[in-house]
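Every chain is named by a letter (A, B and C) in the order it is written, and numbering of its residues begins at 1.
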Amino acid sequence: MPEIRFKQTILECIMATEQDKLLEEVTNREYQYGFHTDIEMDMLPKGLDEEVIKEISRRKKEPEFMLEFRLEAYRNWLKMESPDWAHLKIPPIDFQDMIYYAAPKKKPQLESMDEVDPELRATFDKLGIPLDEQKVLAGVAVDAIIDSVSVKTTFRETLAEKGIIFCSISEAIQEYPDLVKKHLGSVVPPGDNFFAALNSAVFSDGSFVFIPKGVRCPMELSSYFRINAMNTGQFERTLIVAEDDSYVSYLEGCTAPMRDENQLHAAVVEIVALDRAEVKYSTVQNWYPGDKNGKGGIFNFVTKRGICKGDYSKISWTQVETGSAITWKYPSCVLMGDHTVGEFYSVALTNNYQQADTGTKMIHLGKNTRSLIVSKGISAGFSQNSYRGLVKVSKRAENARNFSQCDSLLLGDKCGAHTFPYLEINNNSAKVEHEATTSKIGEDQIFYCNQRGIDTENAVGLIVNGYVKEVINQLPMEFAVEAQKLLQISLEGSVG
Amino acid sequence: MLKIKDLHAKIDGKEILRGINLEVKAGEIHAIMGPNGSGKSTLAAVLTGNEAFEVNEGEVEFNGEDLLDMAPEDRAREGLFLSFQYPVEIPGVSMTNFMRTALNEQKKHKGEEPLSASDFLKLMRDRKKLVDIDSDLTNRSVNEGFSGGEKKKNEIFQMAMLDPKLAILDETDSGLDIDALRIVANGVNKLKRSDNATILITHYQRLLDYIEPDYVHVLYKGRIVKSAGKELARELEEKGYDWIKKEFEE
Amino acid sequence: MVKIAEQDTSLLNLFNESRSLIEKDSSPLVNQWRTKAEEAFKQLGIPSNKVEAYKYTNLQPWFKAQYAYSFSENGYQGKIDEIFKCDVESMESHTVFMVNGKFIPGSNGNVLPQGVVIGSFSELAKKHSLIIEKYYSKIAPVTEDGMVALNTMFANDGIFIHVPAGKVVEKPIQIVNILTGEKDLMVNQRNLIVIEENAQARVLFCDHTLTQSRFVINSVTEAQIDATANLDFYNIQNQHNGTIQVGGYYFNQEKQSVLNANYFTLHTGIARNNIFARLGGEHAENHISGLYLIDKNQHVDNFSYINHAVPDCESNELFKGVMDDASTGAFTGRILVAKDAQRTNAYQSNNNLLLTENAKMNTRPQLEIYADDVKCSHGATVGQLDDNALFYLRARGISKEEANILLRFAFAYEVIEKIQMPELKEQIRELVEKRFRGELDKCDSCVVCGQVDKNAMRCV
């Protein structure tokens, strides 16, 4: 088996050097997306108390139940402490020295591209995110969230014809309060954990997706998150509801400008899948990771959880994590219905002084539930990269199956790669298998590439791309290319 | 010895055997051939009692008894032997212990005394010689780390030890080089008597150069669509299965 | 200031009340550590399941000051070898007895190689102050774990083994740990094993209970294995199910040393093994294995921590468990590869069979790696016997029951195989097979060593 994989890698090496000039382009670049956009902002002053929360809710013209939701979360949060169990060194965060609401002043109308703030459009163009009409052909609908407020949602009409709702969560709260009330907090309750509670109290925007019964969403839905203003925390909230027999694939991408100070990002994503529904959620996370000396960068504390509520439903998480100074993130599946399936595919790459503690939880509750975990960690520089995962089979979960494969690759002798799986099995018909390996990149493979004329840096990039292929293959095509480029950029300078 | 009447079987709700009829008498060798996916291995699995398959219709009589009613181990004790297409590796269980347990279970079933350790070892030596296999195979755990050829030879050795009335050889020839094939075939031929019978399940004619069948059946889409003498095997070798498929579809 | 539980305060009070009694017969060098241990215990207390390392075993309900505690010099007056035999068939050994954590004088008469010392920790600590100074509380630090702190506060007696450089003790040194008495009892046994350069020894701990009282044991064993030395260590635990035992085993290995440590839990109430090994010298080799066969409401938690502190060492770890009835198993295996510990090979696996719908297993294999030129892997499985293997056996005429037993035994055999003493291997092999066959009353107290019938115990 390894032999075959190696051959593939070599083939890719050769093909890539000949054809893919992109790779050369992206080396010698630091953080490509580190620019700052001057857009007039409508901000609340720094700090957090009940008044600030009431003000957020007021400005967003929210119904009463939302304010209650926020206040309950806030009161929970006050009683909680920042989690310290992860393999992370988190500097103290001053939650009062942060802005909890920042919206572009000229809120663009949604009817036409022309009405979008030109500067904002320029930002999108620089990002290369697919917002213009050409992308109709690519079948991508985008909800872009810049600093907390959803700016533009494309293709709403096409989607509306099928009864699909894809809009910002703020609009959803206005227009579909019943749906939001029913599902918001049903997967991640307001008091779930420290960061989720904070998010529930102050979230300013995010995406809402609703796929009605029997509908297959005809295009990939995509949102793009970007932190722009200084001293702002970004707290977006995403809610996806897939009714019986529906299908949706959702993509999330993130960037942030380069800044010296650390910025906080504490998002919550909730997914509800009803009978036979399937939801695929893909993330390419590329927040600013800080500079070579570990200065600046995003603190990414995210709670993502999906519930397979209906029988035969399926939720699949795919993530490519290359950014952020600190990542604390465990996209999870609660397999409540019978015959439900949860999947988690992850690539986490850390370089310089980045720290990542990421993994998943698979909670088997229903009968004949299955879960699969494929995690590929890559550590370089002085970084620390941990996989942390839980597979829990409850007493009533007959015939549960899980397979986990967690591999770590070390590039350099100053970094760390760690694996902390928890397997809690309370039913004897379960079959649960966990495997993990840690090793460094194969010198023989690099030499083989060298001998074929590929320099070491490119060889490492290519071998790493081979190593993560199983995960990358889960991404939609466009994202896959983007993800490979990102990996290449992030590895820059890691080979001595 | 074996009478199969209108046998239907399915797995995961999908019907694989769709009305098999076959009679095997003592002293006979039957070859069952057919393209991939025709149900050959399913037939072997159903006859030996693999619980993954569900019999939804039909009868099988083995020496006058209802075979389908028996547990897998009782079928084996009654003298039904399957040479597995993919013999299972059982780490930690020594071949010696495994064979001794199996043989003594059979003796107990027949109401005979178990073999003493020395008689058992003598029998092992004997049978190894008969089927011409290396002695060190029996010193290891069951099939653990065996090559494909070693596994198949080990199946034939077990067959020699248990001396079945009816042996079903499921694709025993697949993955064997010529030497191993010869050893396997010689073993089968040496064990042939007038009071036992053999069913060879195979995709290729190759094995039949070494073991001469009395009858050749072609299985297609879960049914026996053609039965004839050994000349049918040669015809299949020359013309492939397409003409049978065509004939059958018409 | 960390708040400690009320019961921990009562243990501290018990310590202060009895301190003079505990210290009376102990070496000043041992006494010297008690204050430090007390300070640490005030911080740590008895671990509850809120302590990450004890997530699956909450010790707080069990360790309380209410147990009668004997601080007198010798807890047992009778002739122990007359009522209890713990013989491994055809295995000659240097056998010593410990009753309720205290050494009973009188070995079986085998002559030890010159310079080799085996005996009471309390006595020998006073004579061998250099060894105590060098190793005592150095291998098992008091500040990390409340149980080590508690043990170091109360430590009084245990076994002391010293094998000087170049000496080879051919026959196994067998320590029979017996718990007996009419009253419920808490025991803090303290052992020290020092195998000097190029020396070799085999040490076998057999843990038994003789009466029905509740026994709460917190033992700590420190073992130093010097360069090129070899220690073969076995622990066979066979106690009634009113027993709660925390066994701390702390090994420190120097360069090119070899440790084989094997843990067999055949019967117990609640068992927690803390197995720590530090590979502190290059080319040290470490093999740790364990087998736990539990039923009823038994609970076994094996916690291991292999610290690859230097380059070029190797560790291999295998733990296997079979959980019957409503028993619960737990396993944690952490492998730490320190920065610059290059060319480390570390492998670990934990496999479990759950036999009934009420049995449970929690497992946490963990890798923590700070060096890049390493080969490390771990694997963990929880499941049932393989259906294909079962069918294969049945298709050869072996009954379902027999096939089940054969496969269970084969599952366990991988661990038994690691026993280096052939006689002991045979004995354990037989016991495990009988155990799976149900031929052996799994409640018998001393299934391991063929204890004389009149003392055989029934389950509570």
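Please note the rule applied: a residue touches a chain if its C-beta (ideal position, glycine included) is under 8 Å from a C-beta of that chain, and two chains touch if they have at least 3 such contacts.
Here is each chain with its UniProt name: A = Fe-S cluster assembly protein SufB; B = Iron-regulated ABC transporter ATPase subunit SufC; C = Fe-S cluster assembly protein SufD.
These figures come from a predicted structure and were not determined experimentally.
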item: Labels of chains that are neighbours to chain B and to chain C; value: none
item: Maximum inter-chain contact count - chain pair; value: A-C
item: Centre-of-Cα separation between chain C and chain B, whole angstrom; value: 50
item: Cα-centroid distance, chain A relative to chain B, in whole angstrom; value: 54
item: Rounded Å distance, chain A centre to chain C centre (Cα mean); value: 45
item: Junction residues of chain C - those touching two or more other chains; value: none
item: Residues on chain B engaged by chain C in the complex (per definition of touch); value: 48-51, 71-73, 75-77, 82, 84, 87-93, 97-98, 101-102, 105-106, 109, 141-142, 158, 162
item: Chain A - residues contacting chain C, complex; value: 85, 87, 395, 408, 410-440
item: Chain C - residues contacting chain A, complex; value: 52, 339-340, 342, 352, 354-357, 359-384
item: Chain C residues within the chain B interface of the complex; value: 386, 388-389, 391-400, 402-403, 406-407, 409-414, 417
